[in-house]
Amino acid sequence: MEKSNRLKKILASKEFSLFILLVIVVAFYGVASPNGSFLKTRNIRSILDSMTIYTLFAVGGGLVIISGKIDLSPSYVGAVCGVLLAKLLDQGLPWYLVVPICLAVGAAFGLLNAVLINEFNIQSFIATLTTGTFIAQGLVYLIPAGVTYQIKDPVVIWYSTGKIFGFIPITMVISILIIVIFGIVLAKTKFGRSVYLIGGNANAARLAGLKPKKLSYIIFAYSGALGALAGMLYAGRLKSGSLVGTVSYGFPAVTAAILGGISLGGGTGNMLGCFLGLLIINSFNNGLMLMGLKPYWQTVASGVLLLIALTIDYFSTRERKIKLTGSI
Amino acid sequence: MVEQSLEFCNIVKSFPGVKALKGISFRAEGGRICALMGENGAGKSTLLKILSGDIQPDEGCLKINGEEHHFLSPHQSIKSSVSVIYQERQLVPSLSVMENIFLEDMPVGKLGFINMTELRSKTQEILDTFGLPIAPTDTVGWLSVAYQQMVEIMKAYRRDSNIIAFDEPTAPLTDKEITILFSLIKKLKEKGKVILYVSHRMAEIFQISDDIVVLKDGSLVKTLLTSQTNEGELVKAMVGRDIGDTYANLKRNDKIGDVLLEVNNLVTDYVDNVSFKLHKGEVLGFAGLIGAGRTEVMRAIFGADPIRSGEIRLEGKPVRFKSPSEAVASGIALCPEDRKEQGLVLKRSITDNVSIPVLSKVKKGLFLSRKTENDMAMNAVRKYSIKTPSADKQVMQLSGGNQQKVILGRWTSEKMATKILILDEPTKGIDVGTKAEVYQMVCDFAKQGIGVIFISSELTEVLNVCDNIIVMHNRHITGMLTREEATEELVLQLAMKD
Amino acid sequence: MIRNFLVKKVVRNNNFTLVLTLFVVLFVFQMINKNYLSLGNIRNILNQAFVMGTLSVGIGCLLICGKADLSSGAIGMMGGLIVTFLLNWGVPWPLAVLITLCAGAVMGSLNAFFTNVLNIMPFIATLGVSSVIAGLGQVFTNLQDIPIYNKSFWVLGSKNFFSTLPLPFLITMVLLLAYGIILKRTRFGRQIYMTGGNASAARLAGINPKKISTILYINSGAIATIAGILTASRMQTGSPTAVLSYNLDAITVGVLGGISFTGGTGSMSGVFIGILLFNSFKNGLVIAGLDSYYQPVASGILLIAALILDFYRERSRLKALRAHEKLG
């Protein structure tokens, strides 16, 4: 009895429908890709590997969305931290100083966002867009001031490009560790629960004894620091501070989080769904490439997938609303 | 002149969990002022919303001059010459007075451009009729609430509708504006218009109305001629439900203990000079009209709003909470009036909602203990017989009464150790059966030594459940009564005292 | 007495502060570099301003209505491509322009569909639409610029009046003026303010808020293609990267010009001054010899300053109101 109930619950869950969607995507490309190259071990590894940077942005972005806000700045902050990493290493600072400094810079950007949002009542969308596309974007150019710094530090190169057993990239391990840790934090700790509660109804959470403002600062700091981490890994892989950096990674990552069931408006979603969302988008894009389509289609695809995700979100919440009130 | 009339024919309207209107029928004649009276939640506002086309009835129809109407939108209602002046002002703060008054019907010239001169002069005319010292070009957002209310009224006046409904128009007004408003309403009456007038203020009703329709729990109880009735009869009609058993069977707490909370000369942005004492095991009622400042007093004590001056002592020690989380840590609990907006996280489960204030106490090491949480929630479900298949159910899927029980469950868990429980309109929007359960719960809390503050706009409830009653009016405390002294008339007088 | 009142009104007027700031900016940069206010440089400033200026007309109307639009840049880019394709197929330019405008309206109606029919947050819905359109632009062109051979079309972008006023900017000014009059002097214009200022009041007064925002999204799409057409004409090419980045700038000048993000306030005259201020500021930084990399950072700070000013203005209004209440 108990068991069949649990099974029913799993079958009805959003994660399960995402899983089915993933299976469909995989099955389609498995058959349609030339020589079945989609399902070769190397290709699967390359899908997982291509997810690394997206995963870090999706975790931070997802965290902020669950808390009822949105953060569009991390991908730009990542680019800043990429060039900062390269420059500071070039100036001879040891990696064990540079890496924490970059993380702190990322967190500081998050705190700046939190100040604008919490103290000056600026909508999170416009506040993070401003700090991202104007301030961080400007710093990306200002920090290197025209020089492209190469990264030669062996430790940084090791963790950015090294492989465990010569097969599993360390960056992949880092990103999976991060998503697992945040998944557990969200599901099991007081902090995680609080994120859901303030995202669901900040006012009620405050009157029940939580501190939404303080939490918001912490959440944005995490998001900024995760962006910094992503930027550093990206720069480490390229072995140089790139001016383009991680800028284009932010939007698809948020798309993946929303596709994975972290709905805008806050209070719902989890990291498992987010991970599945990432897998679906990356498999989808990888498949497009294998089929010989131009890479530009990926931009179109991520937009279409986002709009589809939002539409599904609309219909699934609408059903519930109708049941409740008899109208919309 | 054609004789105007408005008839409500068997109007039925349900909201999830509540039947707001249970078949209301009555007729209002032109040239007479018809007052709608009833306690909060009697269905007056719902009726007006149906009249304005804002919501649609489940059954029944409106008849204007004998002709049947079904308004599907506010647009249709306005087109049929109906104007409703809402209690919540429907103004655009960023626009000027004249633009707000002529909101949907600005005078345009030949080329389709708004004729500003005409707009201004027409507005000035209306302002002169009302005799108000504001200019047509003043921005509404910068006006005081009283003037904003007058703008709202002028909006309806300008439409020159045949049917005009006022929902508590005088609440934010001062005497001066009330005089202006009443002479105006009388003028409209002379013009033969149908006027509906909703108010809680007795004196007003007798001053202005011709007929009185009394509603209660969504039904029409009585229709009276103002000239042939008196305050006593009216109050009786408004509150005279079969309350005998509900209150008689209440097992009350008879041991009131030491002083628990002492508030001296509390001043905030919203209340002036409030002082009172709450004892262990006492149920202290706060009566008054909506907007009297009762909720604001509690929010200030709870740390939700800033305090300007004054002193609060909890068990003799001075305290001043900077945030609700500090208040909660000291054992104070607040159940807000607006459960959905301020009380519950609707998207989350019963369990999640119950454990919010004690999350630190359900931790095992780093992680929350799902089992402890579940036990807490199941305890609440059993103790208060919350109707749900499991504690994992989203709170938004519960009825209003059960939602209220979830909040009570949150604040009365063993881990919470609540000393003071503040209930703000705890029975609003819940059915009669559940109300009785809530009353007994309140008494049970008192028996456990909890000090309960019970805010309610329903008089019978306050009079029968509370040990002592404080009455507030216009940001002040206007009186304190013991249970023995208190009568409905006395409380009403204090609540309307100017 | 009356004069006193007038002075107060002028000072409280948002545009007054803006004009004052504009004069200070002009004065300071003229002091730094004598060439700042030369005819040639003024033409430069205006030529840099017309793209964001045109976009800001459509976006400004939407912001006043309480809606956001992040797709205008992409729609403008696509407009440039469409007109390029049409011209190179031999379509006469007036007809090509007309067809492009219609295409813009169709793209705008996509936004209306997602925000009004599916009730998706405007920010995220228009972001999705933007991504799809931008991606399609890349797909159609292979990310290559396409030259335009129709010489009579070039005139649109290259003609100058009095050697300082470029035709594109003149068109921007005409649009600003026309929409300024619509907003201030027509019923429809006032209904836009009502919808943005208090949608519930508008609805209860018999206005359909969804109808208004639908019209405005379609309108914004059409106006965005004007920006695209003018850019294509000026560059004599259709480019898949043109116009895109000006979307945020257009929002920035709107906010600078006093349009509040919550809707219901602002005017086209404010937007006009905002455009001048933003561009003369940006240009001034270059003229003053600062690295062009400082531009985004400075613009970001300018925007944040405007948002914070908005916050304080709102707070002082509420304070004044409360003081009033106590007296009354």
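Chains: A, B and C, in written order; residue numbering restarts at 1 for each.
The definition used in the following text is that a contact is a pair of C-beta atoms (placed from the backbone, for glycine too) under 8 Å apart; a residue touches a chain by one contact, two chains touch by 3 or more.
These numbers come from a predicted model, not from an experiment.
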item	value
Chains in simultaneous contact with subunit A and subunit B	C
Per Cα centroids, the chain farthest from subunit A	B
Inter-chain centre distance, subunit B versus subunit C - centres from mean C-alpha coordinates, in Å	44
For subunit A paired with subunit C, centre-to-centre distance based on mean C-alpha positions, whole Å	31
Contact set on subunit B toward subunit C in their complex	52, 54, 73-75, 77-79, 84, 86, 90-95, 99, 103-104, 106, 108, 112-114, 116, 141-146, 174, 269
Subunit C contact footprint on subunit A (complex, rising order)	70, 116, 120-123, 125-127, 129-131, 133-135, 137-139, 141-142, 145, 251, 258, 264-265, 294, 296-304, 306-307, 310-311, 314
Residues of subunit B touching subunit A in the complex	15-16, 302, 304, 323-325, 327-329, 334, 336, 341-348, 352, 356-357, 359-360, 363, 366-368, 396-397, 410
Parts of subunit C lying in touch with subunit A, wherever the complex brings them together	68, 114, 118-121, 123-125, 127-136, 138-139, 142-143, 248, 251, 255, 261, 291, 293-301, 303-304, 307-308, 311, 314
Subunit A to subunit B touching residues, read off their complex	188-190, 193-194, 196-197, 200-201, 203-211, 267-268, 320, 324-326
